[in-house]
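The letters A, B, C and D name the chains in turn, as written, and every chain counts its residues from 1.
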Amino acid sequence: MRLEPKPAPSLAVTLSFPLAAIVTTLVLTSILVLVAGASPLSVFYLVAKGAAGSQFALMETLTRATPLIFTGLAIAVAFRARLWNIGAEAQLYMGGIVTVALGTGALPLPSFILIPVLMIAAMAAGALILLGPAVLKTRFGVDEVVTTLLLNFIVLLFVSMLLDGVLKDPMGLGWPQSQKVIAEAQLPRLIQGKRLHYGFVIAIAAAAVVWVITKKTLLGYEMRAVGHNAEGARFVGIPVNRVLMKTALLSGGLAALAGFSEVSGLKGNLTLDLSPGYGYTGIVVAMLAMLNPLGVVASAIFVAGIFVGADAMSRAAKVPSYIADVMVATSLLTMVVAILLTRFKIRWR
Amino acid sequence: AEPIKVAAVFTVPVEQQWVSRIHKAANAAKDRGEIEYVYSENTANNDYERVMREYCEAGHKLILGEVFGVEDAARAVARDYPDVAFLMGSSFKPDPDLPNFSVFDNYIQDASYLSGLVAGALTKSKNIGMVGGYPIPEVNRLMNAFMAGVKEVAPDTRFQVAFIGSWFDPPKAKETAFAQIDGGADLLYAERFGVSDAAKEKKVLAIGNVIDTQADYPDTVAASALWHFEPTLDKAIAEVKAGTFKADDYGVYSFMKNGGCSLAPLGTFEGKVPGEIKAKIAEKEKAIKDGSFTVAVDDSEPKSS
Amino acid sequence: MDALDILFSASFWVAAIRIASPLIFATMGELICERAGVLNLGIEGIMTAGAFAGWFTVYAGGDLWTGLVVAALVGALFGLLHATLTVPLGLSQHVVGIGVTLLATSLTYFTYRLLLPEVTSPPKIEPFQPWPVPGLSKIPVVGEALFTQTPLTYLAFLSVAVVAWTLYRTPVGLAVRAAGENPSAVEAQGISVTGIRMGAVVAGSALMALGGAFLTTSAFNSFFFQMINGRGWICIALVVFGSWRPGKALIGAILFAAFDAYQVRLQQISGGIVPYQVFLMMPYALSILALILVARRATYPKALMIPYQKGER
Amino acid sequence: MSSTPVLRLSGISKRFGPLRANDAISFELKRGEVIALLGENGAGKTTLMNILFGHYVADEGTVEAFGTPLPPGDPRAALNAGIGMVHQHFTLADNMTVQENIALGTQSLWSPRLDRSAARRRIEELSADFGLAVDPAATVATLSVGERQRVEILKALYRDARILILDEPTAVLTPAETEALFRTLKLLVAKGLSIIFISHKLQEVMAVSDRVLVLRAGKLVGERETASTDRRELAALMVGQEVKPAEVNPARLGAPLLTLDRVSTAPHNGAGLADVSLTLTAGEITGLAGVSGNGQAALAALLSGIRRPTGGRISIADREVTDWSPRAALAHGIARIPEDRHAVGTIGDMSVTENVIAEHYGSPRFSRMGFLNWKAARRFAEKIIADYDVKCPSPEARIRLLSGGNMQKLILGRALDPDPAVILASQPTRGLDVGAVAYVHRMLLAARDRGAAILLISEDLEEILALSDRITVMSAGHLSAPSARGERSIRELGELMAGHSGEHSDHAA
């Protein structure tokens, strides 16, 4: 079996394969629903309704997409330079830590100053925690897949420690949770009474900025060169280690914004379950988008929509709610195959 | 009458001890035909509010759950659905401005205290191991009451306290228990799944918590402090039915005097617990029920001694 | 007991070896995959599926060994999925790995809930019992630590020997290593890179599943959600720590487990002065430290994470 | 010599997208025969051999070995039929031993044990029989290029190959190694093997082959008995016109532009530099001859800026440089043509445009305030493509898809663009066809005539002799005293290269 590149696929082809992926996912999910003893016929309808069938559903989908856009961008930036950052989860929590450390009254500033300050501080924290693995990679040749992965555990335990200690909410009755951030530190909701908040807007803006960086700037060029051939990049005078450092800072900072936005926009405080694996899902989001920053927005909304829709479907169809994750996983795997098939033809022999 | 539509939103699987008691009570009410019952388990706090809203939209009249990490969001939902009754596990107090939102918690310190009396009598090495998930009030409270019970009988007992940083890692809990046995413990307070298994393997004793596991460990689990959610739930169902549901603290329905907790029958250990202790248990139980003795509610983190 | 006594007690080493056992299986599994050039991030999910499949087989009436076989088969099946997507199709090993983890985990939970809808306490099975090796188990400390374990632990050690023998002493092992170093060398010698890599991922995934099954049929006796709790990710670190060599990875697994067993015991004697999280962090932090020390000397498989397409320019 | 064909290709065609890499090619190979396959870069030689060996599947046509057709796309079938191939880019696993590389795939995959002692014996036998000395226990990464090639040939012989395909085997060999290879080939032919030999070096083709096939743009355009043709005819067949060697004007020396004063470096792909002093003068080509691994790579790395000296001084235009990096080297006007155009010279998956601006992307020419000026970049790419006659689909094409010669032209264009003061040319014509070689030579001579100081590092003595105004020989990290054009004979140079003379220009340590 071999793959052959297709000459510039037509729009119909480009669209038909992802569509087929979604249909395949629905069919597979329907089978599971059938096995669970419920009617599979309405699965599609229920998923669509749950993901975007009402203003509420749509807002929920976008709310969930928000942190995924940030972590997806973080991964896209890093992977472009072949910096295998599996630690967006840790960076996200660092963002959360800083947001509550400074946002619970330590800085009595008006909102329009405080929020940018919090964002910058959060980014700095996330950047710093990824800088460690980046330095270890460039100076000592330590594999960053492993160090960033291990840091996820360490940072989560660190959060747990802070929530038992200095960041513990004195009014929290002993629960491992922080105080709420002050009103000035909160991102307003986009629509009154809905959960969607300005973090989403910031995420879109971040995607645009990252797009400009990767496509238009010297740094974007350098990152790509380093990603494709570090030795060659070094030869032509690109400061490879410095580029990796900058990439790490940008990537860690973006992931940290996810933590900032979840705390400041959605939860109000920091808990141990701030993220149900957004850092890992970010990898999926970024790769579905083929590392394109604007694509990240679309793929984050897609992944969030599948989850929210399938979760609602599980309740409506009365099947175990774990089917939502099954569906996310299936759609992810079928989708990457579909993307491949839009660009390559499979030749047997 | 029409059964009441009840929905529960749990942040952990229904096997988890704490939630299993709520689930059991709800299933019992369902079997009695009083309610229709659906639930979502293992719901992340991130999704909690959405799931609540979906249930409200779907026409459920009573929502059960545990909102320890999502207090504000849950109350916001309650505000948006004034016709739905909410009975939520929470460490906070009810708010009269939010008349449809009541709270409960597992105040079973009474039973834990009694189980401590048993433990104090049975430990020979005067060294007790305790393995917890996280040091939160719901856990600390029971551990402290248990320790108070032990000290009542055996004041010079040492305690080894460990938290494994997870609600769900029985192998880890088991390893931790092994370590405590290595450290001299001959009796374990089994706050987590896994601890009794270690006790069984190493032939030491265990005290159960929230649920009764003696059937699985007949030679190991000497006593258990049981939580009964039925009084709490039945009260709420009655209020909803009567249309009189209001903001209230249902915590008291977990108290022994209200039948919310009990010391499990000693069962296989009936003959092994000294008579004087049994008498003491009976005496304390009576005092608790008639209000002449109250077990202190102490939510601070227990430490090894 | 003080901090040093612990290290010389047999029960501590018994615990260390027991904690290491599932890690050993899964680490060997990951090592095979990576040696063939495929990073298998599906490990966490495959371990979950293996844990459930093995346990449920026994719960449904099968014997313990049948449970292991079923676990391995289920692992192999997810491995096949991973391999199909990453090897002939050459899809990103990161995405597929995370996708397989998510799929295996959620499918397992879904299946668990379907098969056991109304349980209020986790059902139990009769797990593997410790089986002291006659004679050897009587050796003080070392004998006790190594030879008073369950048969599954012995199997874990055996798996290291088998993996090491296969990689270094058999033609197929040679092909696996070469596929991870330079796939075109394999193709040029008339061996299908696709076949070798897929085979390695499938076999490795079966081993990972055994690691999962160890938790439910030996270390414990029932299945829980989130049971693997990051152990799979640890194994990925252990492979790197072991410089992709079975023997070194074994030592890594035992060291890691020893740290883990040690921190549990230290927690008991520290009297709660040090936050318990610090102890829990210890194994991870020390792993990073260890990686820094070994990194310079490690020679990783050159073609790791690089998909191979026949006839690609 | 028997006349039964051992191999027959009939009507082989292969397209890559719109490109016809092979177009209806047919020929036969006889027992004990050596066929040379000639053609420009990109003519389709490697493609044809890859089809024959089963790496690629032909769109049309069949391959027959010893009278039986080979299934397409199956290297194992080709191996079993007795075909062995030494690829243009070696297919060895670097971190494994010679023996492991050779034994790979020779035993049934499922046999329970590698038969290591038997393998070792057989390798030693073959080494002895065919003059292919190499230590079976050595790790491939530690071997020289010549040794690796011997391993590749051993791989084929170990499997009893009857037909051996060698794709540009001499491109990376030293003259001595090349001679050794030819001796081995003679032994093989004597044992009845048939050989297909690809090379761009016409004198080699004349020396070893019985018959010559010439490919041009995917078509078989000529077939000659070696005995009845000559280099000029073959060159003309290949290129479609006559190739004139570059003309050399007398040198007009200028000021010294770059001086190394007792510079030492750490080892780099072979020996490091030991107390090397060297001056590059404007308007002059300094040729550096030597057996590879003697420090040429270290010198190239040093001048490229990717390695820093561990001792001694570098001065450029009489000023000592303190900070040394690729960027510094570029800033000081050093143009670099690297030895390995795939690994470091280009970034294969980036476009032609992105590659040609790589050395100057940050200059005001291509950027403003941190943003790239893609328009200017593209204009520059188009200019180089036009000026250097680069064959490529578009400036947006991935550079990986270009043939070696075209890639080299782009690198040349990039390096020579703003008239550099100093040019470092490492193996600038390795693997290039005669036409491309002449082109590169002309460009280098033109740069010298404009006043650039050029250091030419090459293992091809003919090239050194043809271009250099001054020749120096490197051996074990030391430089010989330079000699002027024509001053030393090939033999004398050869002796210096072998390290037979204590004559070093270095100051006594």
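One rule holds in what follows: a residue touches a chain if its C-beta (ideal position, glycine included) is under 8 Å from a C-beta of that chain, and two chains touch if they have at least 3 such contacts.
Source: prediction; values computed, not measured.
Taking A-C and C-D together, the chain pair joined by more C-beta contacts is A-C. Set against the Cα centre of chain A, the chain with the most distant centre is D.
Chain A and chain C have centres, each the mean of its CA atoms, that are 28 Å apart.
With centres taken as mean Cα positions, chain D sits 45 Å from chain C. Centre-to-centre separation between chain B and chain D, using Cα means, comes to 76 Å.
With centres defined as mean CA coordinates, chain C is found 35 Å away from chain B.
Multi-chain contact residues of chain A (touching two or more other chains) are listed as 2, 157, 160, 164, 322. In chain B, the positions touching at least two other chains are 42, 165, 301. Residues of chain C in contact with two or more other chains: 109, 277, 280, 310-311. Listed by label, the pairs of touching chains are A-B, A-C, A-D, B-C, C-D. Of all residues in chain D, only 50, 55-57, 73, 75-80, 85, 87, 89, 91-96, 100-101, 103-114, 155, 400-401 touch chain C in the complex they form.
On the side of chain A, the complex with chain D involves touching residues 2, 5, 7, 216-222, 224-225, 228-229, 231-239, 349.
Per the touch definition, chain C reaches chain D in the complex via residues 169-175, 177-178, 181-182, 184-192, 299, 301-302, 310-311, 313. Residue ranges of chain A in contact with chain C, taken from their complex: 1-3, 32, 35-36, 79, 84, 86, 136, 140-143, 145-147, 149-154, 157-158, 160-161, 164-165, 280-281, 283-284, 287-288, 320, 322-326, 328-330, 332-333, 336-337, 340. By the touch criterion given at the top, residues 39, 81, 85, 88-92, 94-96, 98-100, 102-103, 105-107, 109-110, 113-114, 194, 230, 233, 236-237, 240-241, 275, 277-278, 280-281, 284-285, 287-288, 291-292, 295-296, 298, 300, 309-311 of chain C touch chain A in their complex.
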